[in-house]
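Both complexes shown next keep subunit A, but they swap its partner, so subunit B is in the first and subunit C is in the second.
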Partner chain A sequence: MEAPPVTMMPVTGGTINMMEYLLQGSVLDHSLESLIHRLRGLCDNMEPETFLDHEMVFLLKGQQASPFVLRARRSMDRGGAPWHLRYLGQPEMGDKNRHALVRNCVDIATSENLTDFLMEMGFRMDHEFVAKGHLFRKGIMKIMVYKIFRILVPGNTDSTEALSLSYLVELSVVAPAGQDMVSDDMRNFAEQLKPLVHLEKIDPKRLM
Partner chain B sequence: MRHSHTYLFLLVQREEKQLEASLDALLSQVADLKNSLGSFIYKLENEYDRLTWPSVLDSFALLSGQLNTLNKVLKHEKTPLFRNQVIIPLVLSPDRDEDLMRQTEGRVPVFSHEVVPDHLRTKPDPEVEEQEKQLTTDAARIGADAAQKQIQSLNKMCSNLLEKISKEERESESGGLRPNKQTFNPADTNALVAAVAFGKGLSNWRPSGSSGPGQPGQPGTGPILAGASGLQQVQMAGAPSQQQPLLSGVQMAQAGQTGKMPSGIKTNIKSASMHPYQR
Partner chain C sequence: MLPFVLEGGSVSQMPVAEGKSVQQTVELLTRKLEMLGAEKQGTFCVDCETYHTAASTLGSQGQAGKLMYVMHNSEYPLSCFALFENGPWLIADTNFDVLMVKLKGFFQSAKASKIETRGTRYQYCDFLVKVGTVTMGPSARGISVEVEYGPCVVASDCWSLLLEFLQSFLGSHTPGAPSVFGNRHDAVYGPADTMIQYMELFNKIRKQQQVPVAGIR
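Now for the complex of A and B:
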């Protein structure tokens, strides 16, 4: 039995279904500087923000075929910042007019004992990585340019190696369900980053 | 009887309304067409030395678009068949008619015997009629099959030409970029998106299918061996200890199933890790 697409589900339980609209692309290391300059010009005027995050992805295997996935993220360069727990639903495909990937999204700030809590609940860590890069904002749009580092020794975030010679560029908006004009704004912004970066809707299921 | 009368009356009324509405639509379309034709002619006559081919193409495209919409209006299901309507001049007079002047924007001052044959004409010019007759007899002469074949070959040639043009356009664009450095690599994009979406290339204990370019999988396994005891430490902290021996037994069984890497390394990892697959 398939659940109806989340964009149609009404507000239930006092919370609004938030959707994440996403466009992704990449930029090679040697073109990073030009991209950063362009983004500094296009985005809201603020101090350039860098981040160093450690993300762990937890799976809960139930009786259903597909496991439940939760993402726990902590900041490695900002002490005292809360941990960030995130649930991302399946991307809603099928609407050719929608220019961005849309998926249900739940974001929660948690305290530091998040991993212990998840393990007690029965989650097991599937994979983890370190993300290091830059963060820009334009209105409600968030642009992240970061490099993914593979953690060689689980649990040890010092021994890492870069996954590829490129930076991942993500343009995302978290908005209440049903606001599809957001994807038009995102596409217009993505146009301004061409031909440096080609931001597009990438279906992860195609890459499995 | 009265019901049928009222029904007929309503029908006639509806048709009249439709006629009026479609006439209005036609009028506006034709007015637009006239305006764009006028501006094109003006452009050709006055700016011919500065005129560029794209600008001429633009005007042509505009005209063709307007003709298209005109056709659509005519073909619209709500427009009655104009063929069934007949215009008969009721009064012809050689005097100036101010109303007519106003309606035609000063082009037709008099509704007289000279004006009517031109404006109310329904047959095309004799030369045009000749040409049309010629074309229809030619077309009929060829026969349906040959005509179909000609249509298909025309379509094929058009699509070939279109393909060539678009390929040329694409190649010239990328050819221009190739001496400049490429700023992104689509394969990298896919690898990174896969890594973030479901951990492709990130998990240390799964044989990773495709790591990013320039990152061979083998060096990753070295530190794993050394850190196997480290693994044990980390996992033990998170779970009750009695589960450990049970899981390791299960992992050994799984190692037999999915063996791709050398078994020595596999057993080390599997015995130490508490893999999410078995709960």
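Now for the complex of A and C:
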């Protein structure tokens, strides 16, 4: 079963519950440059950072209604970097005034044989994709502007095709539970990106 | 630095001395080490928890329930080691423990089978020796001896040196080559190899009956 909903309690069972606060939007390909330009101006001064990642989504089915989802991500352009395993909980329902989508998240760095290990645990790969784009930071906020590529032959990351003619824009913060002022800061930052991109709280359930 | 590690020391290989308790045998060993000239350098702890696939997951996956071991080693305080016996292993950061809590509907921890070894670390030139008392709950079940030869990363290059060193303080109780090497004598040794040896040691100790205080093998 999915873990019980994480309450606003910052600590459960001796560990701090970390939450991901998320706002999403998109821009068409031809608007990418202007967005990147504005982000370079607004965000922390650093070398422009690009990434090329391969993400695989694994499911563990039990007798419970909903399977347990884990995301395994590896860098395709940085050799030797650890794999990133991520658990994301259900979005917290609640305050309609809260500006961002909030969900429990657990991030784990792992060694390379992650997929073999997950399969041994009983997980099966549901889908995979390649993400290619740019990364910016402003304080604790992370802004990603990236394109999703469909993998044509399972396991072969060389033959991919773009999923759409646009870039996905994500503004996210990972912070301990209970820090709602984070979403206010995110909303204020998102205001500065208008009208180039409209970042909003998108409930994944509404899309299904 | 990648150590060469050997475990001697399940009850059958490092038997509790005749008429002595686990505690006394550990003291005999550590005294021998100190006479050799080894220096105490703090303590160590290796622990292991066992998880098995919950019944609710078994049916749909169509596979026999497997045991997964989640271990920690004080030598690598920021890491967590997850292993399947004769199967793949994973090294992760300590958030893996948090993930196991989230997974409790799918993997159940057999609380009673938590096993750990604790003891002192000794440094003798390039050798690091850890002698620990293996406990399950409140009872002492055996002794673990771990020896690391710091400068070498390939097992076959220093096996004989290690054997000689072991004989100097374990005498006739020196064990044979660990199965972890098998046909991988020339492979680079890593922390996972150490944890696999501990897992095998713990499994062996779990299967044995409790050591009576009188200390018969």
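Throughout what follows, the second predicted complex is superposed on the first by the 199 of 208 C-alpha atoms of A that agree within 3 Å, B and C clash if a C-alpha of one lies under 4 Å from a C-alpha of the other, contacts with A are read in each partner's own complex, and residues count from 1 in each chain.
Methods note: a contact is a pair of C-beta atoms (placed from the backbone, for glycine too) under 8 Å apart; a residue touches a chain by one contact, two chains touch by 3 or more.
Since the model is a prediction, treat every value here as computed from it, not as a measurement.
Contacts of A:S31 after superposition on the shared chain: subunit B is touched, whereas subunit C is not.
Contacts of A:Y87 after superposition on the shared chain: subunit C is touched, whereas subunit B is not.
In the superposition on chain A, A:D107 contacts subunit C only, with no contact to subunit B. Of the two partners, subunit B and subunit C, it is B that touches more residues of subunit A.
By the document's definition of touching, neither partner reaches A:E191: not subunit B, not subunit C. In the overlay built on the shared chain, the residue A:E161 is in contact with subunit B alone; subunit C does not reach it.
Looking at the shared chain after the overlay, A:G122 reaches both subunit B and subunit C. In the superposition on chain A, no contact is made by A:E47 with either subunit B or subunit C. Contact with subunit B, but none with subunit C, is seen for A:P204 once the two complexes are overlaid on the shared chain. Common to the subunit B and subunit C contact sets on subunit A are residues 61, 116, 122. Subunit B meets subunit A in the complex at residues 177, 181-186, 188-204, 211-215, 220, 223-224, 227, 230-231, 234, 238-239, 274-277, 279. For subunit A in complex with subunit B, the touching residues are 24-28, 30-31, 34-35, 57, 59, 61, 67, 115-116, 119, 122, 124-129, 148, 150-156, 159, 161-166, 168, 195-198, 202, 204, 207-208. Within the complex formed with subunit A, the subunit C residues making contact are 53-54, 56-57, 59-61, 63, 66, 68, 82, 84, 87-93, 95-99, 101-107, 192. By the touch criterion stated above, subunit A contacts subunit C in their complex at residues 1-3, 12-13, 15, 60-64, 68, 85, 87, 89, 106-111, 113-114, 116-117, 120-122.
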